[in-house]
Amino acid sequence: MLLQELLIENKGEILDAWVDQVLTTYPSDGARIFKKEKDQFANPVGFAVKSSLWEVYGLLFEKNEVEKIVSALEQLVRIRAVQIFAPSEAVSMAYTLKKVVKSVCRKEKVVDLDGWLAFEEKADILAYTLFDLYAASRERLYQTRIAEIKSGNNITTDGGCPSKLMEGNSARKAELKTINV
Amino acid sequence: MYGKGRIIPALILFLGVMTSPIWYNSGEVSKLPKPEKPKDYKECVAPTQFMRTSHMVLLNQWRDNILREDGARTGRTANGTEYVRSLQNGCLKCHSDRKKFCDTCHTYASVKPYCWDCHLQPKEAM
Amino acid sequence: MRILNPFIAVLALIAVALVAAQVPGGQVLVGIILPYLAFALFLGGVVYRVLQWAKSPVPFRIPTTCGQANSLPWIKQNKIDCPSTKLGVIARMFLEVFLFRSLFRNTKAEMHDGPKLVYGSSKFLWLFAILFHYCFLVIVLRHMRLFMDPVPGFVSALEFGDGFLQIGAPVFYQTDAIFLGAIAFLFLRRVTLSNIRYISLPADYFPLFLIFGIAFTGILMRYFLRVDVVAIKQLTHGLATFSPAITGQIGSIFFIHVFLICALMIYFPFSKLMHMAGIFMSPTRNMINNSRMVRHINPWNDPNIKPHSYAGYEDEFREFMKEGGIPVEKE
Amino acid sequence: MDSKRRDFLKIAGLSAIAGIAVPSAFSSLLKGEAVASEHGAEAAGAAVGAHGAAAPAGKRLGMVIDVKKFTANPGLAEKCVSICHAIHNVPDFGNKKDEIKWVWVDSFEHVFPDDSSHYKQDDALESMPFLTLCNHCDNPPCVRACPTQATFKTKDGVIAMDYHRCIGCRFCMAACPYGARSFNWRDPRGKDENGRPFIKEINPKFPTRMRGVVEKCNFCVERLTIGQIPACVEVASASKALVFGDLNDPASEISQLLKTTFTIQRKPSAGTHPSLFYII
Amino acid sequence: MAIIKADKLGVSVAKGPSLMTGAVPKKDWWDVPAIFKPGNYAYPAKKEIIEYHTQKTFPNHPGLFGQPRDWDPETDDWKLPDGWENIILNGLKERLDKFRSLKIFMDCCVRCGACADKCHFFLGTGDPKNMPVLRAELLRSVYRNDFTLGGKILGKMAGGRPMTFGVLKEWFMYYYQCTECRRCSVFCPYGIDTAEITMIGRELLHLVGVNINWIMEPAANSNRTGNHMGLQPHTFKDNIMYLCDDIEEITGIRVDPTFNRKGAEVLFITPSADVFAEPGIYTAMGYLLLFHHIGLDYTWSTYASEGGNFGLFTNNEMMKKLNGKMYAEAKRLGVKWILGGECGHMWRVLHQYMDTMNGPADFLQVPTSPITGTRFDNAASTKMVHISEFTADLIKHGKLKLDPKRNDHRIATYHDSCNPARAMGLLEEPRYVLKNVCNNFHEMPENTIRESTFCCGSGTGLNTDEIMELRMRAGLPRANAVKYVREKHAVNMLSCVCAIDRATLTSLMNYWNPDVEVCGVSELVGNALVMEGEKERETGLRFEPLAGMEG
């Protein structure tokens, strides 16, 4: 069997495993409910992951419409970029997919070097795209932060927002500016 | 306490509604229904306690059994007396006065059977 | 555990009642003494809780405005959802209490492809909540036939309407079935929707099980095990006329039914079931949105809290103000 | 009060029935009745014109109506009708529109509308009194139409009704090709404008119906169980105008008669397999 | 750097707090601890600020803000005072006796879950404790344990929890993840208002010195300088004069506002962000143009130079104290009535609290528009009118010369700010104004506007940048609705009547819908106003070129 066929025939199995593993990057507690949750709403984030990954998979391996994956991933990555993830964790989906496909290949005993190379190329495109989008989202977030400060909204005293001046995350460590009381 | 003007009357209303059965009866103990038993017959088709709780079920069973399952039209009491399994042609033979028998309890318990929409009683005038 | 414990508790109550109905004197205890006690606790408890609430003032006028307020004469006001008169509040409360308006408004957020959040109307909770409550009311009112003699017309009418389909004998009441269905829905909803299950406490399951137990024993008693209604009415009517007596043969099922009802009545004032009274007293719903028109008085308003005085302000910034050409009081 | 209930059901009928009809159809499937009726339909297709071709099994009560003998005995048909209506407390509402009929007399074209062309030449037919009643079909469409199983077929092949169950939806009336069913638009125990009761003299042994139910001939099942023959048959017994018996019993009088005499049935093409046969 | 194996990627990171990623944990909610990490909490108030409040703001109310100290939420030593549990419980008892709402909201919830998916924090984060019912349950569990019979007897079985440090941490986390927007209250069958619960929760936290700087410092500033930005009188005036310069450049008209002028007819108060921060300043330019256009006899005040009231986010005492300046200043200046600018929580205080707290304002007159003669009877007691009511009345009477074509480069939608919508009922006035000054106006989807409006996600003092990610998550529902109209109608301007919205929606749009800008309604009014003697306008108030007017 060719890998391409495997990717289409075992679509459901692969996607379930993929979504599963991506959600597992959510710490253990949450993953269980996410996976079980059928109701689209009960967890918006879980659903966002699922629907996005299904769409991406279709674009990459069925329809060959690689150029559309940016729009399919944009919102998901934007959400992940403001959640508490390490960057590698936030964009790890491409590697998770490889892992899943590998294990399915092993199980189905598919040996198809050309197919694998083609698949890997697609997976790499996914990885680059994820990385680009993630970086762009973070950049946008910081631009937003800067814009906010520039706009004056953050100024709470005549000396500028003191909370800004706090280094790290502790008020104790902060270099405090005494206000004139 | 704040908002007395509305809360106190509301509470009184609540208590009044909740205890309304007490006021309604105003302590009058009503007489227990005493259905008039047939004089000429000593034995019913089933024990009294069963008839008290389940006569309606028995009637329904008779109906379905006779109409649909081709059941017997007659039955025998524990003592072997034959009776007709029919409300109109059976029960009413002995309990010939609906008002004095059926209605006493039924009115007391406010249960309105719809038997009499179609079935006739011997003494009932049309 | 949150589900199991309350379930076991209700089973235990049933077991207690079953035993009590068998032992000598138990029937008197469960059938006469307990109902009086429970009813007194119910009434006293509800009144006590309401008075406790009433002890606290409503310091501020904080209605939730769910529509256009009374403003310029040519702007159409939503007189019910944003009432500016007593009448509007009465209408709002009426819709709230009798038609569960806020629940009717309920929407459901859903994640759709995109992913996109969309909000659709969601009326199921409203529907089953209203069915549950109205069936409960009808069932309670129907039971008045056991407490009143002669039976008032509205009770008979209710019974007639409820047995409209004339299925079976004794006539089957639609409310019984709808009631069980609604309880089942409310329970299943709690169990199956993950976020509702997550927020549910034993105190949410217990009343559901208890009420289910009451409905179930009631149905069992009426349609399957059967009891002597006349003997029961003699007891219940006796309760209402303070001359209770247990004479006829009454099955244990009746005592289980009564025991569970007593449990519910005793539990009522100390639980979330007090929402029955609370809904009338919720300040976000029962207040007029006229706080700019009429001054609302807060009894504990602290007159000693005064703003940082202008004099103090000017003292601090007088030079700057003078420089900036801002008028000052003291040169 | 109760009539209000029926009225309500009449209005709400369709919606309520939609819910009940499905499960009842389902349950009849489970019980294998649907198989039986399918079989009946097949038989109907194969046996148009051949009377009572169904395989004999159990009892099947039927009746032969000899129209000639009714012609010969003027007034006999009317007697049959009146005795039936009297013992069954059938009300007379005094107008055609509300008419309740278990047994009635009608003209040839009405009773045999399909066949009228064949016999058009025979002027005698025009004036003959055709006594007619419920056909107690072997393949009864009314039973299938009833959402509450108020109409059912007994073991003896009688199409019986349980008025307790009737919700007045009138599906059965629509289904019956013979117009053998009547609906109580008014309260049978009531009186007309002149204070005349609709039932002149009540037979205390038999119940009445109530407003909002359908009724029809029951082949006098209440008489059959106590060993009597249907009232109309009894009235006509002297002239042998009506012959009643078990169609499945080859030795019965009716079977013998059917073997030897040419009979026709009402609307055989409807595939209902009537149990009524006419000798003209 | 060591080479990381490929399959280690993506799982290499330490287990983060599950809640923040939007997971529903499998443990019962009371077993899931709140864990503070950089980015999920706002910084605590500086010691000096709390010292200021205890010494200067409330010298006669000891204990209102706990012990001034430096502390770090990430550690397990919050340096709480001894017996802090009792301080909280006593505080709760006191508040139960003061607020019937609290008692009822504690007792009546049936946990039906109708509120669950109404909270923007929940929709954006998926964190179950952001469901309003659980947010209230955090307090309710403690209430049950110590104040109800069932809780005292059955304890945990009745859903009670003793007041512990873990509970306190949850309170700090989740009462500062609620913007008191009241959306849940609309859908609650008993009208349970989480805003009320959050306010009490925050009051209790203050008693043991748990607070955030972004509220306490603006509150200190408001008290001292009159505005939360801490603008001193001359700076405040200078800023407005800069805006006047800009107006002159754009329109050729010199507007000449007055400050602290006695005898003016109207005192105008608006949030100070309108004077200082983008895009609020454009809204302020709108006000200036409008008042000049109609020749209103009004004055600004540097003493009461803040409409917003950070006391609402703190406690009742602070709210009353900060709000008191408005009437005090109106009385000192001898104005007839007060006009309020576009602000959300400012109007919640003005509408629902001001008169009760600091009234009666019998030294003022029932507001009457000097231009149209309309008497604002709906403000008969507070004597304070909303700028949208005022403008709508002017437009209705045809007193404004408007050229809506000047806003043709804007395709606007309107964001109902939570407080004016759900705590005041101001829905139609701004829409009426918008439709008259702007040719392109499209509503967002029905369930996201009016009384169902979604919060910007950064209200109640949560608009600080250390929790930017959290704010972006919380604002997702609002951003989604804007995205919808942006895609459908090419909307590029999100208008609102709230200063916090103007500040935070700008950031929100920047992240989620980069080409949508944010403005106050009055900015669009200012753009459209045809001033007497003005020069041909080539740009809008933001110096942006006008469509079709380039030349």
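Worth a mention:
Chains: A, B, C, D and E, in written order; residue numbering restarts at 1 for each.
One rule holds for everything that comes next: a contact is a pair of C-beta atoms (placed from the backbone, for glycine too) under 8 Å apart; a residue touches a chain by one contact, two chains touch by 3 or more.
On a predicted model such as this, the values are computed, not experimentally measured, just so you know.
The remaining chains, considered with subunit C omitted and nothing else moved, group by touching as follows: A, E | B, D.
Centroid distances from subunit E, each centroid being the mean of CA atoms, peak for D. Once CA atoms are averaged chain by chain and compared with the all-protein CA average, the nearest chain turns out to be C. The leading chain pair by number of C-beta pairs in contact is C-E. Of all chains, the one whose Cα centroid sits at the greatest distance from that of subunit C is D. Subunit B and subunit E have centres, each the mean of its CA atoms, that are 68 Å apart.
For the pair subunit B and subunit D, the distance between mean C-alpha positions equals 36 Å. For the pair subunit C and subunit E, the distance between mean C-alpha positions equals 33 Å.
Computed centre separation for the pair subunit A/subunit B is 72 angstrom, with centres defined by C-alpha atoms. In subunit C, the residues that touch at least two other chains are 54-58, 108-109, 117, 160, 166, 193-195, 281.
Residue positions of subunit D with contacts to 2 or more other chains are 2, 164. The multi-chain contact residues of subunit A, meaning those touching 2 or more other chains, are 33, 37, 41-44.
Subunit B makes touch with subunit D in their complex at residues 63-64, 66-68, 70, 73, 88-89, 114, 117-120, 122, 126. Contact residues of subunit A toward subunit E in the complex are 25-34, 37, 41-46, 78-79, 82-86, 88-89, 91-93, 95-96, 98-99, 137, 140-141, 143-145, 147-158, 161-164, 166, 168-174, 176, 178-179, 181.
Listed in rising order, the residues of subunit B touching subunit C in the complex are 1-4, 7, 10-11, 14-15, 18-19, 21-22, 24-25, 27-30, 32-33, 49, 52-54, 56-57, 59-60, 105, 107-114.
Per the touch definition, subunit C reaches subunit E in the complex via residues 2, 5, 49, 52-62, 64-72, 74-76, 78, 81-82, 84, 96, 100, 102-103, 105-109, 116-119, 125, 129, 189, 193-196, 198-204, 270-272, 274-275, 278-279, 281-285, 289-298, 300-302, 304-310, 313-314, 316-317, 320-321, 323-327.
Of all the residues in subunit C, the ones that touch subunit B in their complex are 42-43, 46-47, 50-51, 54-58, 144-152, 155-156, 159-160, 166, 168-171, 226-230, 233-234, 237-238, 240-243, 249, 277, 280-281, 299.
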